[in-house]
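Got some structures for you, see below.
One chain, subunit A, appears in both complexes that follow, with subunit B as partner in the first and subunit C in the second.
Presenting the complex of A and B:
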């Protein structure tokens, strides 16, 4: 077998999300609350004209595009807008499964800078799941119009992730986003988001659960965030485990029969 | 008092979410956590659902959900109007 088990494993996972893994482009996911301009950022990055509209629920499934930066090609996936990754609505499942299992190389969270309090919930849920996160503060023109300012340095410090102000409609800040993405892909920036610590009781349970979950999902031990999974277990989220069981089956089948893949 | 009883135009503070499981998670994710200010903005013709201003966003909620949100009304003088 030419491929290492690790690289073929992640490709099986990505292919289950209809991602073309042959080209090996880095994969950038766009996440965010409804109506924060994700699709506008998507269009500015890719030059596509995905329909943008000022109503929630416009992007119910995923849209995919590409862009070039310094002659490297990046795949961009526009996820549906959600307030959360944990409530198991269709949109949330799409976004959460994608971030969780397709493991984008960078997740760009587009936030409404005029309504940060609401947006930060999702930012924290995503940083709990994955490290390579950039926060895009969109609608900075509206912030100016409404006469308030945002402590960007404070956000960077408290969240531990890059925070980029943008006005996506006017293409402002998009270059900075592309530069950050390149720096992360090339390991010029290593991101370590500030993690939430829970009460001692919960932390003790997490510590005990992680080895048990790793044993249960030994085939997926390199792909899953087991601390996050332990939290879902404690919360009683069964749906996530149904999804993982299905992926585990796929992976076992594909890994045991690489030669007949696609011939049946 | 529960959020479904809040008259249009009145404000309240969320005290407790009495839902459990997925419904609880959903309501928390919409920003309805204890001490959050909620304004009842509008009612649909039949009275259900209603539109509520929660942390800067207008959100429509059915009374089957709002009846699980315990509140403390902030404008007492309008009670019983």
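Presenting the complex of A and C:
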């Protein structure tokens, strides 16, 4: 019962994002800053022809596609580009809710290698929320053209996640991405991102908040990342808690009702 | 406001900075030098705007010059097919009404739409996509930001406008990049003033026939181009004026700050640009035009052939509209075509030609010249053409766009407003312009 109810719980969450949970494809989320070539990576992976354009904010809704790798089918969801998950523009809310609640099996963050610092802000925020993260370091051709270099091994060490250099427009590095995704899904690689430690006053509050939040959301103890949630609480983000309260209601109904597809 | 929040953000940014500094080697500070120089020119106060107009003008010019020949070729081909199919119909002894509806109604309208619209679109879209791919559009937003700020909104609106050149419905969806709901609503309501591709063929064809033809043949293309650019400018000015009025009356507020990064220039991917703009935009839009035009063709055919007394229904309706239409430089048939063209702007001119030739179906308008002859023989002058172009630019959003507005605003009142406000402006501006011309 434990396992079944857990997976049906995730399915309820995923279905609220219009994901088809009948087929058991792993779900890969594509996140990243605007204008980093996310849609190009999406097209290279799925062969879909999502319109790409050189201006930030082009993908305004989620696009969804599939690809086959070693005969396994993967669902790819292209999230709108965002600089962070912190503030509350529509795009940021879509991306954050998706990663938080639909729980993609792997989140692929497409980053602009020529603008590492700004892109790392988002990477750090996403690794706080989920472990299975791959960083796709795109526009490596421009790095070369601009005569600087990036220590990829150093990045891997500092972030604790796979970092794959790519030139998505030329289909370079896409295979490596697919291989990493497969390895993560098959548990051949276990990823433990380096979590950021905050200033003492924040960390002290987090330690105190986590038990209280766990008590409040005891039904969702398997789905939520309470350290992350504690940070949102400190930030004063009410919207996320409204969403969670709604999900809690749905899950309670779901678990008390044996006639649901997840249980059959 | 919230000190925890500030601290959290600060900690994250410090961490990102630390990791980036550690792992990026040999970063040169002047690495953006040539891009900065280009940006200085493209977004300069003095040159930014003229360069923008020149680029836009160049695109229209290439479209006008390039579209004529393939247009005639396509029309020849499509009307040859019509001849063959007609022979087949007679050979099979099919009833005349069936031939009338299928060939004279549906097929001719479709052939018309394809031969007049396909070539300009097949040229315009790849060129425009090229500008987008290189990274020019955000510079346009940057140039226009100052104007929009003075109008009380923000420069991201011009990105939505750029999308509106393709299709207003798409432009309205792309307003989602605007965070402030007030500014987004303004951008949605004013997107109609950017002529979409359904209206471009109308503008280009009319400018070529009536404006270019007025002067020396050598300059006719240039003049036609200038007129189209002028019409686009009028659209932009009206957009700014309406935004200004709205943000001081119904949608009061101060412009929000505007952070749009200027992305690096990138070498466009020619092959992909061509394929994508052809498949995603050209064929998509053409298909939409065809499926709307086909039933409209049948409707107009029936409408034109149903007589009450001596006159056909279409003539009676046009006569009824005529006094008012004349005031704003149009005639009853033109106004009727705009009304019947509500489902899609693409079909306004085909409907108009069909109703002019109300005896049956359209003549073979196999060239812009033939189209010109039809219009001139129905009393058109350059004033009629100008009035029609202005009305086409302003009038009201097409059905699809209105549905999109309803969906995006989730508000029926704003949708109705987005339909009626442009109509009012169109009538007023047309009236003023036409009466001024008649005065002098």
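Criterion: the second predicted complex is superposed on the first by the 255 of 264 C-alpha atoms of A that agree within 3 Å, B and C clash if a C-alpha of one lies under 4 Å from a C-alpha of the other, contacts with A are read in each partner's own complex, and residues count from 1 in each chain.
The rule is short, and it goes like this: a contact is a pair of C-beta atoms (placed from the backbone, for glycine too) under 8 Å apart; a residue touches a chain by one contact, two chains touch by 3 or more.
Here the structure is a predicted model, which means the values were calculated and not measured.
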{"item": "Subunit B versus subunit C as contact partner of A:146, first or second or both or neither", "value": "second"}
{"item": "Partner chain in contact with A:248 - subunit B first, subunit C second, else both or neither", "value": "neither"}
{"item": "Of subunit C and subunit B, partner touching more subunit A residues", "value": "C"}
{"item": "Touched partner set for A:121, first subunit B, second subunit C, both or neither", "value": "both"}
{"item": "Partner chain in contact with A:234 - subunit B first, subunit C second, else both or neither", "value": "second"}
{"item": "Contacts of A:158 with subunit B and subunit C, given as first, second, both or neither", "value": "second"}
{"item": "Touching partner for A:214 - first (subunit B), second (subunit C), both, neither", "value": "neither"}
{"item": "Partner chain in contact with A:86 - subunit B first, subunit C second, else both or neither", "value": "both"}
{"item": "Touching partner for A:172 - first (subunit B), second (subunit C), both, neither", "value": "neither"}
{"item": "Overlap of the subunit B and subunit C footprints on subunit A, listed as residue numbers", "value": "86, 89, 114, 117-118, 121, 235-236"}
{"item": "Complex contact set, residues of subunit A against subunit C", "value": "34-35, 49, 51-58, 60-61, 86, 89-91, 114, 116-118, 120-121, 123-125, 142, 146-152, 154-155, 158-159, 169, 196, 198-199, 201-202, 205, 231, 234-236"}
{"item": "Touching residues (chain side subunit C, partner subunit A) in the complex", "value": "2, 4-5, 7-9, 11-13, 15-17, 19-28, 31, 129, 132-135, 137-138, 141, 156, 159, 173-174, 176-177, 179, 260-261, 263-264, 266, 269, 272, 276, 279-280"}
{"item": "Subunit B-facing residues of subunit A, complex", "value": "83-84, 86-89, 114-115, 117-118, 121, 235-236"}
{"item": "In the complex, subunit B residues that touch subunit A", "value": "21-22, 25-26, 29-31, 55-57"}
